[in-house]
Structure formats: C-alpha cells, structure tokens
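Both complexes below contain chain A, partnered by chain B and then by chain C.
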Partner chain A sequence: MASPRIVIVGAGPAGVRAAETLLAAGLRPILVDEGRRDGGQIYRRQPDNFRRSYAALYGTEASSAENLHRAFDALRNAVDYRPETLAWAISDKRLHVVTGAWSDVLDFDALIIASGATDRLMPVRGWNMAGVYSLGGAQIALKSQACAIGRRVVFMGTGPLLYLVAAQYKKAGAGVAAVLDTSPFRLRLKALPRLMARPEVLAKGLALTWALKRSGIDIQTGIEPLEIEGQRENGVEGIRYRTRRGKTRVIPCDAVALGYHLRPETQLADLARCEFRFDSGTRQFFPVKDEDGRSSIPGIYLSGDGAIPLGADGAELAGRLAALAVLADLGHAVPESARSGLRRSLRAMERFRRGLAAAFPWPAHFAAALGGDTVVCRCENITTGELRAAVTEKGGVELNRAKAFSRVGMGRCQGRYCGHAAAEIIAAAAKIPVEEVGRLRAQAPVKPLPIATGDHGVGAA
Partner chain B sequence: MKRFQADVVIVGGGFMGAAAAFFLRRRGRSVILLEQGLIGQQASGVNFGNVRRQGRFLPQLPLANRSREIWGRLKELVGEDAEFLPTGHIRVCYDPNQIGVIESYAEKAKDYGLDLEILSAKAVRLRFPFIGPEAIAGSYSPHDGHANPRLAAPAFGRAARRAGAQLFENTEIVSIGKTGEDFEAVSSDGRKFFAPAALITAGAWGGLLSQQFEEPVPIAAHGPQMAVTEPLPYRITPVVGVATKIPEEVVYLRQVERGNVVFGGGIRGPAFPDIRRAYALPERLLAQVPQIRRLVPALANARIIRSWSGIESYLPDDIPIMGPSARVSGLYYAFGFCGHGFQLGPGVGDVMAELIDRGTTATPIAPFHIGRFATQTAIPALT
Partner chain C sequence: MLSFGGARFQRLGEEARAKLLITVDGCTAAAHEGDTLLVAILTNGGSLRQSEFGDGNRAGFCLMGACQDCWVWTETGERLRACTTVVTEGLRVLTKAPEARWPALA
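What follows is the complex of A and B.
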C-alpha cells in the first residue's frame, strides 16, 4: 500500500503535536500553515531579528512555548511544511491551498484540521472606530511586533484572556487604563467546583488577577458596555459603561481591546460538510467530533481550539489524540494506554471549559439592548437596526436568510467576527431561541483569494 | 387538518411563482402560494443577477421585453427596486468567427424591438477601457442591466402577501392531482390546498409535479458557479460577458454600486435537488479566474471573498416550459428556465397571471409549451 497522504492544517499547538505523533509512527504529513512562522497564535514566534526572551514573551507559559517551538524545529525538515499557505477550500478529499498567488491541490486520505480560534465579539456602539482591537489582536501586536495598541488601553469583555492580555500589557510597560469585565464576580464562585478540575490553572489565573489589582489597575466586574466614544477621524477617546451598581462612568483612553472568549475557526470543517451541534453553555455551534477528534465525515479529524477551545495545553493533547486516531484508522497498532491518558486529561479540561463558560458567560442579553445605530457587521457597515429590519420587515429569522437580506456577514470576514452577535440580535428580535436562528454556512474561500491565483507550476501575473 | 381554498394554487415560490402570485392578486384572483423552503431561495436567489435580453433565443424576446418594462417599474409595483440598474450590457468576442454571429443576431433582434450596437475593438476600448485587449468586437445593449437576486423574488413574495395572497413557506407538496373541479395539493404534514386552477413554478422540482399529471419532462439540475470580490472603486458600470462557443470561455461579471464585482460562468456544477443543495466547486472557481483576468485584466489585483451555487434546472433544448398543460385543463406550467430566468421573472409572472385570468396572453409563448416533450416515454405517475 502506498504511504497514506495526511495533511494537517495549522502549525499551532495542536498541529505541531499531531505532526510529531505521525512522524514518530513513520509517516510524513504535509503541514500547511497560514503563519510566516510556527507556533499558532498563542505561541506565535517573533520575527527572526527580534531578541526578546521566552520569559519576556510568554510569561508563565514560557516553557510550554519553548517546548513546542523545539518540537517544531526538530520536525520541520522531516515533514512537508508549507508556511504562509492558506487552505481555502475542500472538495471530496482534496484540500485546496494557495501560497501567495500559487495554488495547489492536496489529495488526502486523512485531514487533521487544527485551525485555531479567534476572539468572540459582541458589538458595542463605536466598536468600528480606529483604536478598537480584539483581545487576541492586541496580544499579537505585543507578542509579534512588540507594539501596544495604544498609550492608554481599556480591556473590556470577559474571560481569562481579558486578564492575561491586560497583565501582559502592564508587564510590557504599556498604559492599562482599566479592566472592565461584564461578568459579575459571584458567577466565579458558583463555577468554582468545575474550575477545580484544573487547580494549577485556576491558581495561575488568581495570581494574575491579584498581581493586576496590586499594581493599582482599576478592575471592575459586572459592568455593561454603553459606548466607545471618539471621532471618526481621530478614533477612540474614551469608553462609557454602566457599573455593577448602575452608575454611568466614562474612562478616557485611546484604545480598547475587546473579547468574550474564543470561537473556533470552523469554515474548513463546514466546507468538508461536517455536522455541527449547538453548545447551550456558550450559545454557539461546534463541529461534532468524538473524543479522539473524528468528525462526522470519515477522514476528517478535528483538533485543538479549531474544534472546541480548551486552550493551548488542551490543543497539544487534542492534536496528539487526533493523530493517534488517524493512525488507528489507518490500521497502525496504537496502544490503548497511549490514548486513555490523553482522553482523561482532556475530560478534565472540558470540565474546566464549562466552568469558565459559566464563570465568564457570553453576554447574549446585550444584543437585545444594542441601539439601532450600532454597527454589527463592520465589513459591510450594517447596523443593528438594519439587521432587525431584515427580521421584522422581511422575515429573515434564519441567519443565512437575514444575511441575504441585510448583507450582515457578507464581507471579507464572512461573519466570523459578527456572526454570533448577529444570531443573538435576530433571536431577540424574532423572539426565538438562538439555536433556531442557526449558524452562517461557510463559503469558500475561507479567507480572500487573489483573482491572480494560478495553477501550481503555471503561476500567474 | 385545515383546508385551504383559492382561485389559483401555485406550487413553487421562486421568482416565477412569487411574481405570478403578485400579478394574479392585481387581477383580483385569490391565490395560495406554496414553497417548500423560503421564497426565492434556490435558482431565483443564487443566480448572477443578469437583466439581459441580448443573446436570448429570439422568439423569447417579446417575453423578455415585457419583463424589462416591469423591471423599470419595480419600485412602483412592489415597493422596492431590488437594486435594478439599467446600466447596459456588453458582450465581447475573442474569435473573429464570432463577429458575424453577433452582427447577425443584432440584425434579427431589431425585428423584436431590441436595438443593439455592434462595436469595433477600438470602440470597445474607448467606451469600456477596463475590457482586456483580446476583445476584438462587442455587442452593446444599452437598456439591459442587472439587479440583486437575493432581493427580487422575496420582494415580489412580500408584495403578493400584502396584496392578499396566502403564502405558505416551508410547505413541501408531496402530491397534487385534480378531482372534479378542483386541484388538490397535499403537503408533507397533511395540509390540503384546493383551487380550480394550478400553476407549477417549482423549478428543478417541477418535473416531479408535471409527472403526477403524466407529463414527464427531461429536466436536469445543475449548479451555477458564482463568486464575488471584495469592494473596489465603482468603475465597471455595464454587465460584461463573453460571446463564445467555447464553454470554458463563458464568463460574465457585474459590479454593484457598493463596489463588489460579482462573476460567474464556465462549466456548471452538480446539484442535488433531493437535499436542496448545490455546492460551489473550488476547481471551477480556479478555472474561471484566468478567464476573468482575460476579460478585465485589472481584476487580477482583486480578491474573491465568497463563492456559491444553487439549484437551477435545464432542459435539453435550453428553453423553459411555460404555458398550459397539454393534458389537464386549468393546469399551467412555468419552470425549467435553464439558467436565464432571472430577467424573465416579472414578465413570466405577468404573462402567467394573464393566461390564467383571461385564458390567453398577448405575448407569444408557444415555443415553450410542455407538449414538445410529449413523445418522451411516459413514466408512471407517483402515488
């Protein structure tokens, strides 16, 4: 039998560990990655000529980052590694990739999708102004380019990343104006039993929050965002919000980092026609997978935050497990013991994830309260009012239908950043459960594809 | 189960059905419009959006002209213009042998009231400087244009509802027949709809229904390959297409006012009416882009942000089925528009309403009669 063709999409924690596992079994996968360097988003490597230490770059995660980078460096020449390459479509066991304007088709027997996650965002009036970034974007600016997004930054949203990025900014010497958390503190106490599933991570989180507090940063919980103030020309000038006691406050700032946990990048899984399920804890759809990462489509495996966000260490385990599933399905002998430990760890992480979702909930209720002039789709500049009109006047109560009528989610990002909020706005306007609103169907290309794209070996002008 | 009754029952809520419902209401007829999914969701909603007359089968031009007249009055009729822009339509050719073809078509189209301008290579370049150097001639239709397919059929559906039509979406018809004076359409959940006249406007699913009246047709479903670029400065005003005999060369594009360039063409993909899905294929998109660069070279600098497909229906002679049944009185058909039904939508609705209301229509539609397939082997009716 010819050597099986295995393709991995993503060279972050899940993809690298999957590649390593396959190599160890004597297989040589193709590793496709959009990044210029490996590491994914969380362990993004700085450009070659930057000289910051691991401790400076990754803080408490320095050794995990270094381990992953070393693992990658060891396998880089043993796999078919293709950086700066976008996997833009799938058709019948063929992955379509493009590097610059050069396209290629990768036939595969097994595809491991380790596509990572992006920030989950809830609109707020003014979030389309210059100076507003996602938490992940703010973190990348710092990690990759040693840049802060502003001189006086407000971090707003909820979830662990909110505190982590604020702490990283503080440590880097950037001005942190405030941390505004939409989740009330009491939910954290309620979620404690589940958060105890990973006591070491919980301890790290608490230490981080304490350190932020001790450094004198204004941390508020249970707030409600009202508006990012500023001007079209100059961008962000301040943030107006309601405190947990119901008072309206304004904090002057020149940049805002926003985020409410993560959402998996699922377009490839969707294009591969994988089934999805609604996760009521986080009010979003995840691709269906078994414990080891098998999707509903034979030959398609899902791992890491691109399937269900558990964090970087969870992604490393999920990547290994998905690779073992591939090996087992290809007829390799895979000892049960190798998998059971990984599964056990992932189960604890899943319990922790549910705890986090309960402690720092997605603020679905803000969607109903958004003013009609608040932009929901930033690519197409569509307001909440226009989206609601598509629901109430045109009957677009299903997300793809509302998209067709209103253009929400029709732009460059294809609804990756506004789709979840749009679903909540529609659900509130139509008075139906958000799962009935559905999810945006993925359409190729996963990200914009140059018309200059030519066939491999032919090239294009 | 509840019983619904009207003068006319329409099965299929695409552009044809929605427009027919609207025009029947204007004639005072009560209407039930049944749609298995949502109004205008398949071929009506996913097509290119061409409001084009030139290049059509010549005997279809009277119908296309009637439709074009309605396009110009859309806002007044249904309350919105569905982004219709009469920006003109230019077809260019690359092959010298095609020049005679477009010239001869232009000559004949005159008799049908469609004036086309034949342009030399130089004139094409002068008028439309964005068109690539390989174009050696062009045929320009000044009053054709384009509109937004996602909006047009639903706009007719809502206007029909406002005018009193009973719309039933998510209503799949599993059987239809005529007993006594009335047609009876039964939905998958057992609801029954009755009317003395029935109009089948079910697109790719039309053949399943005509078969129940022992009028099978050789209909096939295909998916168009469509895509759109990111927004660019608004420069390409007319719809641009290629007149060619080579299927791979067939591409067409239009720029919407907000800047995105929509394009399609080339070889069609598969469609799956049973699951109501058709998939855009990456291979076909990659086959289109060299032709797009050839037609408008500057687009090489743009990026594609989305591609899609949908379910269109085709007949072997590339013209639709339209008109009364050959077998059952009170039964009418308008389906299988072979990928060129969008421009015709309003006209088909108007003509079918006239035909059902008056028993005759001023617009010639005889070439589209279902009887032309009567020699096909009959397939036993579904029970």
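What follows is the complex of A and C.
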C-alpha cells in the first residue's frame, strides 16, 4: 500500500506537534504554513538578525516557546515543509494551496487543520481610525518587530491576553496609558472554581495583574467603551469610556489595542463541510469534533485554537492527539495510554476555558447599544445603522442574508473582524437569539489571492 | 504619507541591525534589515494608506495577514500586504493604488 498522504495546515503549536507525532510513526506529512517562519502567532519567531533572548521575548512561556522551536528545527528537513503557503480551498479530499504566485493541489487521505485563531472584536465608535490595532497585532509588533504601536497605548477589551500584552509592553519600556477591561471583577471570583482547573496558569495570571498594578498602571474593570476619539488624518487621540460607577472619562492616547479573546479560523473546516455547533458560553460557533480531533467529515481532523481556543499548551496537546487519531484511523497500533493522558489534560483545559469565558465574557450587550453611525465593517466603512436597516427594512435576520443586503462581512477580511459583532447587532435588532442569526459561510479563496497565479502541477509532491 | 504627524510606531530595541533605504511615495525612508514594510513605513510616518471608502487614513490593524488593511503597491502595480512583506534595499512603494490596469486589478 502506498504511504498515506497526510497534510497539516499550520506550523504553530498544534501543527508542529502533529507533524512530530506523525514523523515518529514513520510518516512524512506535508506541512503547509502561511508564515515566513514556524511558531504560529503565539510563538512567532523574530527575524534571524534580531537578538532578544527567549526570556525577554516570552517571559514565563520562554521554555515552551524554545521547546516548540527546537522541535520544529528537528523536523523541518524530514517533512515536506511549505512556508509562506496559503491553503485557500478544499474540494473532495484535495487542498488548494498557493505559494507566492505558484498554485498547487494536494490530494490527501488525512488533513489536520491547525489554522489558529484571530482576535475577536466588538466595534466601538472610531475603531476604524489609524492607530487602533487588534490586541494580537499589538503583541506581534512587539514580539516580532520590537516596536510599540504608539507612545501612549490604551489596552481595551477583555480576557487574559489584555493583561499579558499590557505587561509585555510595560516590561519592554513602552508607554502604557491604561488597561480598560469590560468585565466586572466580581465575575472572576465567581469563575474561580473552574479556573482552579489549571492552578499554575491562574497563579501566573494573578502575578501578572499584580505586577501591572504595582507598576502604577491605571487598570479599570467593568467599563463600557464609548468612543475612540481622533481625526481622519492623524488617527487616535484619546479614548472615552464609562467607568463601572457610571462616570464618563477620557484618556489621551495615540494608540489603542482592542480585543475580546479569540475566534478560531474555521474557513477550511467550513469549506470541507464540517458540522458546527453553537457554544453558548462564548456565543460563537465552533466546528464539531470528538475528543481526539475528528471532525464530522472522515479524513478531516481539527486541532488547536483553529478548532477551539485553549491557548498554546492546549494546542500542543490537541495537535498530538489529532495525529494519534489519524494514525489509529489509518490502522497503526496506537497505545490507549498515549491518548488517555492527553485527553485528561485537555479536559482540564476545557474546564479552564469555560472559566475564562465566564470571568471575561464577550460583551454581547454592547452591540445593541452601538450608535447607528458606528462603523461595524472596517473594510468598507459600513455602519451599524446600515446593518440594522438590512434587518428591519429588508428582513435580513440571517447573517448571510444580512450580508447580501448590507455588504457587512463581504469585505477583504471576509468577516473575520465584523462577523461576530454583526450577528449580535442583528440578533438585537430582530429580537431573536444570536444562534438563530447563524454564522458567516466561508467562501473560497479564504484570503485574497494574487490574480496572476501560475500552475505548479497537480497532485502531491 | 510621511507628512502626517511623525512616526506612529516606536522602536524599543533591536536597532543595531543594518540599515537600508526604501522609497515611499517618492520620499526616501530609513529602515532596518528584518523590518516588515508596515513597520518601515510606520516608524517614518503616521499611516499606510487611505480607506477607499472615505473614512480617512489607515495604518493596518491585525499585523498577521488576516484583515488585509495594510495593502500598498509597488510602482509597477503589484499589490503588497505590508505586514507580511519584508523590506529590501531600494524597495519603492506607493500608498495609493496606481491607475488600475490589467493584471494588477484584484
């Protein structure tokens, strides 16, 4: 029998551990990654000529980052590694990829999707101005390029990443004006039992918050964002928000990092026709998978934050487990003991994830309160009012229908940054549950392609 | 581009890298080897491009190749995603799309 053709999409924590596991079983997967270098976003490697140490770059996660990079270095010549390659469509067990101007089609027996996540965003008036970045983007500027996004940066949104990136900025010598968290502090106390599922991570988080406070940074919880102030030419000049006691305050700043946890990159799973389920804790849809990473479609496996965001540690375990599922399904002998430990750890991480979702909730209620002139689609400057009109005047109560009427979700980001908020705005306008609004259907190509794309031949190398 | 309010990004180290020069809208700009095009432009000026939909200047958003809000163009009309493009000596870019001509349309 010919060697099975296995493709992994993504060379972050999940993809690298999946590749490592398959190699150990004597298989040689194709590893497709959009990045110039491995590591994904969280452990993104700085360019070769940068000199900062692992400790300076990754803090408490230095050894995890270094271990993952070493693991990749050990396997890169043993797998068919294709960096700077976009997987842009799936049709009938064939993955369509493009590297620069060259396209290729990879036939596969098994596909492990480890596509990672992006920031989850809730619009605020003025978020389309220059100087507003996603929280992940603010972290990439620092980690990958040794830059701060401004001289006085406000971090606004919710979730552990908000505090982590603010602390990393402070440590690197950047100006941090404030941390504005939309989640009230009391929810953290309520979520403590579930957060105790990972006591060491909880302890790190508490230490980090404490260090931020001690350094004199203004940390506000339970706030409501009102407006990012500034000008069309020069961009951000300040941020206006309501404190938890109901007072309006303005903080001058020249940059805002904005983020409310993560959303998985599920376009490939969607194009492969995988089933999705609504997660009521975070009010978003995740692709359905079993404990080991099998999707509802045979031969398609889902792992890491691209399936359900558990963070880098969880992604490494999920990548290993998905590869073991592939091996078992291909008839390899996989000892049960190898899988049961991984499953147990992932169950604790899932409990912790639910704790985080309760402690730092997605502020769905802000969507109903957004002013009609607040831009919801940054790509094409479409307002909340225009989207609401698609609901109330044209009956677009389903997300893809409302997209067709309003163009929200049709721009170049393909709904990555407006889709979840748009669903909440529609749900509020139509007075229906957000799960009934549905989710944006993925369209190929999952990202814009250069139009002059040449053929590289058909079939796996 | 370069006239708007000074540099947006602040360098916090790694400045011992070799320097190089690029040209943005005809003006020379200093950068370092290993800079992305987005960083090279935003350490010299305040924005990357104008929104085609009339809501002002843009300076990128996600920095991870997902939002497509950092497109600039070469002088021959090739589109570059500034956050995933690494600068090279003598790179010449425009922050406005050159007159659309096939096959630069996309």
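Note that the second predicted complex is superposed on the first by the 456 of 461 C-alpha atoms of A that agree within 3 Å, B and C clash if a C-alpha of one lies under 4 Å from a C-alpha of the other, contacts with A are read in each partner's own complex, and residues count from 1 in each chain.
Just so it is clear, a contact is a pair of C-beta atoms (placed from the backbone, for glycine too) under 8 Å apart; a residue touches a chain by one contact, two chains touch by 3 or more.
Computed from a predicted model, the values in this text were never measured in an experiment.
Using the contact criterion defined above for the overlaid structures, shared-chain residue A:R214 touches neither chain B nor chain C, since it reaches no partner. When the two complexes are overlaid on their common chain A, residue A:V132 makes contact with chain C while staying clear of chain B. In the superposed model, A:R232 makes contact with chain C only, not with chain B.
Of the two partners chain B and chain C, more chain A residues are in touch with C. With both structures placed on the common chain, the touch criterion links A:Q145 to chain C but leaves chain B unconnected. When the shared chain is aligned, no partner comes close enough to touch A:K431: not chain B, not chain C. Legend: residue contacts after superposition of the two complexes on their common chain; A:P450 is shown touching both chain B and chain C.
Of the two partner chains, chain B is the only one that A:M410 touches; chain C does not reach it. In the superposition on the C-alpha atoms of chain A, the part of chain A touched by chain B in one complex and by chain C in the other spans residues 412, 448-452. Partner chain A is touched in their complex by these residues of chain B: 38, 41, 45, 150-151, 154, 158, 229-230, 279-283, 285-286, 289-290, 292-293, 299-308. Against chain C, in their complex, chain A makes its touches with residues 34, 36, 41, 46-52, 118-119, 128-134, 136-138, 140-142, 144-151, 172-175, 231-235, 254-255, 265, 375, 378-381, 412-413, 416-417, 447-452. Chain A meets chain B in the complex at residues 88-91, 94, 96, 103, 105, 394-395, 398, 401, 404-405, 410-412, 414, 443-445, 448-455, 460-461. Interface residues of chain C, counted against chain A in their complex, comprise 4-5, 8-14, 16-18, 33-36, 39, 42-43, 46-48, 51, 53-69, 79, 84, 86, 103, 105-106.
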